[in-house]
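See below for the structure under consideration.
By letter and in written order, the chains are A, B and C; residue numbering begins at 1 in each of them.
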Amino acid sequence: MLSREQNVMLTKSGPGTPMGELLRLYWFPALLSSELPEPGGPPVRVKLLNEDLVAFRDEKGVVGIIDERCPHRGVSLYFGVNQGCGLQCAYHGWTFDTQGNCTDMPSEPPESNFKSKVKIKSYSTIERGGVIWTYMGPEDQEPPFPNLIWNTVDESQVFVTKRIQQSNFFQALEGGLDSSHISILHKGAFDYNVSGASDIKKFITNSAAPKYVVLETDFGALMGAGRDAGEYGTYWRTTAFLMPFFQMVCPYSDEPRNGHVWVPIDDETCMNWCLNWHPTRALTEQEIENFKKGLGIHTDLIPGTFYPVQNKENDYLIDRGLQTSGKLFSGIKGVGTQDAAMQESQGAIFDRTNERLGLSDAAIIALRRMLLRAMADLEKGTYPASLQSNYHIVDAPAMVLPKNETFRTKIFEELKYGVPVKNQ
Amino acid sequence: MLSREQNVMLTKSGPGTPMGELLRLYWFPALLSSELPEPGGPPVRVKLLNEDLVAFRDEKGVVGIIDERCPHRGVSLYFGVNQGCGLQCAYHGWTFDTQGNCTDMPSEPPESNFKSKVKIKSYSTIERGGVIWTYMGPEDQEPPFPNLIWNTVDESQVFVTKRIQQSNFFQALEGGLDSSHISILHKGAFDYNVSGASDIKKFITNSAAPKYVVLETDFGALMGAGRDAGEYGTYWRTTAFLMPFFQMVCPYSDEPRNGHVWVPIDDETCMNWCLNWHPTRALTEQEIENFKKGLGIHTDLIPGTFYPVQNKENDYLIDRGLQTSGKLFSGIKGVGTQDAAMQESQGAIFDRTNERLGLSDAAIIALRRMLLRAMADLEKGTYPASLQSNYHIVDAPAMVLPKNETFRTKIFEELKYGVPVKNQ
Amino acid sequence: MLSREQNVMLTKSGPGTPMGELLRLYWFPALLSSELPEPGGPPVRVKLLNEDLVAFRDEKGVVGIIDERCPHRGVSLYFGVNQGCGLQCAYHGWTFDTQGNCTDMPSEPPESNFKSKVKIKSYSTIERGGVIWTYMGPEDQEPPFPNLIWNTVDESQVFVTKRIQQSNFFQALEGGLDSSHISILHKGAFDYNVSGASDIKKFITNSAAPKYVVLETDFGALMGAGRDAGEYGTYWRTTAFLMPFFQMVCPYSDEPRNGHVWVPIDDETCMNWCLNWHPTRALTEQEIENFKKGLGIHTDLIPGTFYPVQNKENDYLIDRGLQTSGKLFSGIKGVGTQDAAMQESQGAIFDRTNERLGLSDAAIIALRRMLLRAMADLEKGTYPASLQSNYHIVDAPAMVLPKNETFRTKIFEELKYGVPVKNQ
């Protein structure tokens, strides 16, 4: 349970807010490369951290993300023409390049040289694996591009989609680190997704109340959920949290890995980035076909939008018959949609001043503590260690350990996943 | 004309408001039994007095009305599974019975016994004649179930529907007690509804400005409207008001009686319960068929919802030709829809600080006074007399009295309808 | 750039606001005559300057504009019956004539004579050339009806439409006086509209940064934009601004003239009146056919509404292919729709505290100054000179002047268009 002030701190991301300042220190995904398919093509609107922006790919292929509004008379540059040196406002022709410089101002006499005095807000971009990333923070604080695994492998090894979620980003992030709902909410859902791994499914289904371990690291945290594996010992699943809103979930066997990024659009809406990747090989056609079915973490979208077909307005097309039959506990098809249904039903901004957390909420409690601490540190001028990190987490492993071996020892000392934070 | 403060007092019904506290002392209809057709079926959302709730019929057939939100992480129990001992949250499986007890908590280790410390808000329910009633007040103040006539007769004698109205409940209640609009707004509408009774229709049509008498009683008030009946004397029609928002209208002859209940959903929306019943016999098939036509107090609904087909957005499908022809004064089909059109057009919450009341508004003025007084009394710790009442009003009579007989004498002394309030 | 206070002053038009008081001193168009086609026909809702009103044409053909709400119980008179002496409320039959007098009150006993004490808000109307004008100011300040050219010629010489724009009226008015966007935003659009006049199109296309002259007059201002006409000298185009929100644009040759009026509906919506007229002859069938195509200042409307088919929700059906091809700079069809796209994209109420004005914005700067001054004067009890004016501007001329002749001399001294304001 949080105070009202803490809840505001964790959920508001506009310019000047503590969370807004913190998030703006990191690179994060802004849009799919496919949204800007060709040099000189039409711009698209993109709202990030409560800022209205437009993105465009100039005629040289460089992607710019700039203020949506022309500084002259405030009209939307969405209607602008992408040509020559930049995006030209449809109203009076003021033109801005990807760096925000005003490169043309036909409505003013050239001798006034007014254009040299006008600059528009613009943010750095880097394109990697079909995704356009942006950095919206202070110029002199720009960190290195994060070597998250999916950013370091070949594009053929990654499958990525995004969808809009009608909730604050933080409750989505909390849901992503909450290992304990897997045995309940997703009961029956894995039948659609996992082939083989029947032992593991049994471990999960039989053990709704696992042991939880949260290990803070320089990049975020490794969260272990240990379930009884009978004669084999304990089945440990890892969820990795990478500051400030990245998540990686361990695989069941050697299938492609899952990951998410939850980026605030505004305080009541977020972009849910869903990633599958394999660390060592290209994804197979069959795997990609399965992803596209919308039964796993990816979701069917309303054509021409990033809004899911199954959404809040239609109760996610819940099938009460399927639910009652016991075949699919939630009655809602799709692992990602099941999560969205829960998270959106918490309200646009979940009110954390009135909740009852249990032992199974250890990861959520740790997440809040880490982010509140990072905001407090930043306020005092101390930047997060994770900015320096090379995001060297390679994979979020799942493993069966003998009863006498601890998750902590194994993952820190043997696998050298992450560096433990000193004050633990 | 009221002060702004009085208007707020009469219209706001959330927890802790004066009107909210008053309404919560009474039993009232919450949903149709047919919304929860079978034991163990899916739950439904229900909002009452500004509280978000879910209703479900457990596997034993008992109806529970509990908080919509799971106390753990605030997700909606609407997505829950109704099985075993109660409604199980789809997220982590916490389960609540109809009394609000947490009966299962699979995500926590059993030894913590956390579930015994968690209880959810729940309200009493009683099912009667196809309607589920609830009591949302303090446990130690629960009154006896109200013996309104339609609650005491056989189900075959009652026909009941509900619809959602896009206005505050209080202006709907005022409209229900306002006898003077009958001759105007509903002019032409009775041709669709009443067969026979031609004398009576003449009395009503010829006399738009009747005499009004308001007699306060222990249960609410009896409101008489007297119209000239020529050689016969005076034709008196009674509208009964039963605290806090029940109404009964007298019949024209021996056809089924009309009644309404207006229950706040939130401050800008209410549930309009429409009832027909006959005190001594089953309703005929023909009568039921007529009710279903949507021309009387019942209304055609958009399938799968409780929203009327004729509504605010489509101007109630007003037929200007019919209006101009003089056949149907309002041009809007259906007595109930005519009322809804007027009441919704007053605005979501009618502003009573700026109105011009006349002699014909005696019932409305009395209604406000009674409720303001009941709220003031409750504030001082005095509970309404109507709670003790057995709602012994049997019928709201219509009668032709000789000119020398008063409505008051007849109805109080001869018919013994209600007990006059002392201070009158 | 304005202060927040100035921005509020220029944009809010409700009763009691400085701009509201100023606008209410003038006659302006309220609705099309065709919206009230016949005596005794159904009333229509009309919202003007943030006031909810209904208009009706009584059985004698006189148009009344009165308060939407019946003063009795606040229901909408839109549902009323237009018959006999006025509009009769559908609820209790209170009836109001076009002057706002209560002429019938059937629900009250006649002897109370209550009706003589009840009066409803009503505004003066005058019908001219297919348009119903209203005056909403103090009775003792009603000015003469404005002799704008289109009000003085035969109806066959005028073509007029209205559409709803989703923005504050003031940014629409600013756009109408902003001559510098013509060469950019409307590039390619004139090909659809102007036949002949190829020299002039060249002058405009070749000169995006004209010289600007603003001449204030007793009625408003004459705004000249001078473009290089090569050997001919300078091509001057005049835009006339007539207080408080009328505009006339000069023709390219002798084709029909263009004019606009932007009337606030509420603070975030305005009515855009679009006029074409010819000072000396009837419009031809071909011209009218062209206007109806929606490619000029008139716009295709969603049938049964005044909402444009091309609108904010569908990005004005922008055709990116047409835009990229260079054939139509904005990619948006229709001169009027191009303007609407820009103005609506400035936001519901454009925030002028953060903009970068240039030399080309001279007309906009003058407009704001004039209106701020008029509001300040009115506050001190000085009424605008334009109220006394006979709106004697005959036409907003376009003319090619030799380089040594000034716009000011020509238009003031030779053409005697308007009287210069003394303090210039």
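Assorted remarks:
One rule holds in what follows: a residue touches a chain if its C-beta (ideal position, glycine included) is under 8 Å from a C-beta of that chain, and two chains touch if they have at least 3 such contacts.
Nothing here was measured: the structure is a model prediction, and the numbers come from that model.
Shared numbers divided by all numbers used gives the overlap of an interface; between subunit A and subunit B this overlap falls below half, so the copies present different residues.
Least-squares overlay of CA atoms from subunit A onto subunit C yields a rotation of 120° to the nearest 5. Centre-to-centre, using mean CA coordinates, subunit A is 48 Å away from subunit B. The residues of subunit C never reach two or more other chains; the list is empty. For subunit A in complex with subunit B, the residues that touch the partner chain are 180-181, 183-185, 208-209, 315, 318, 320, 323-324, 329-332, 338, 341-343, 345-347, 350-351, 354-361. Those residues of subunit C that touch subunit B in the shared complex are 40-42, 71-76, 78-79, 81, 83, 90-93, 105-110, 112, 114, 118.
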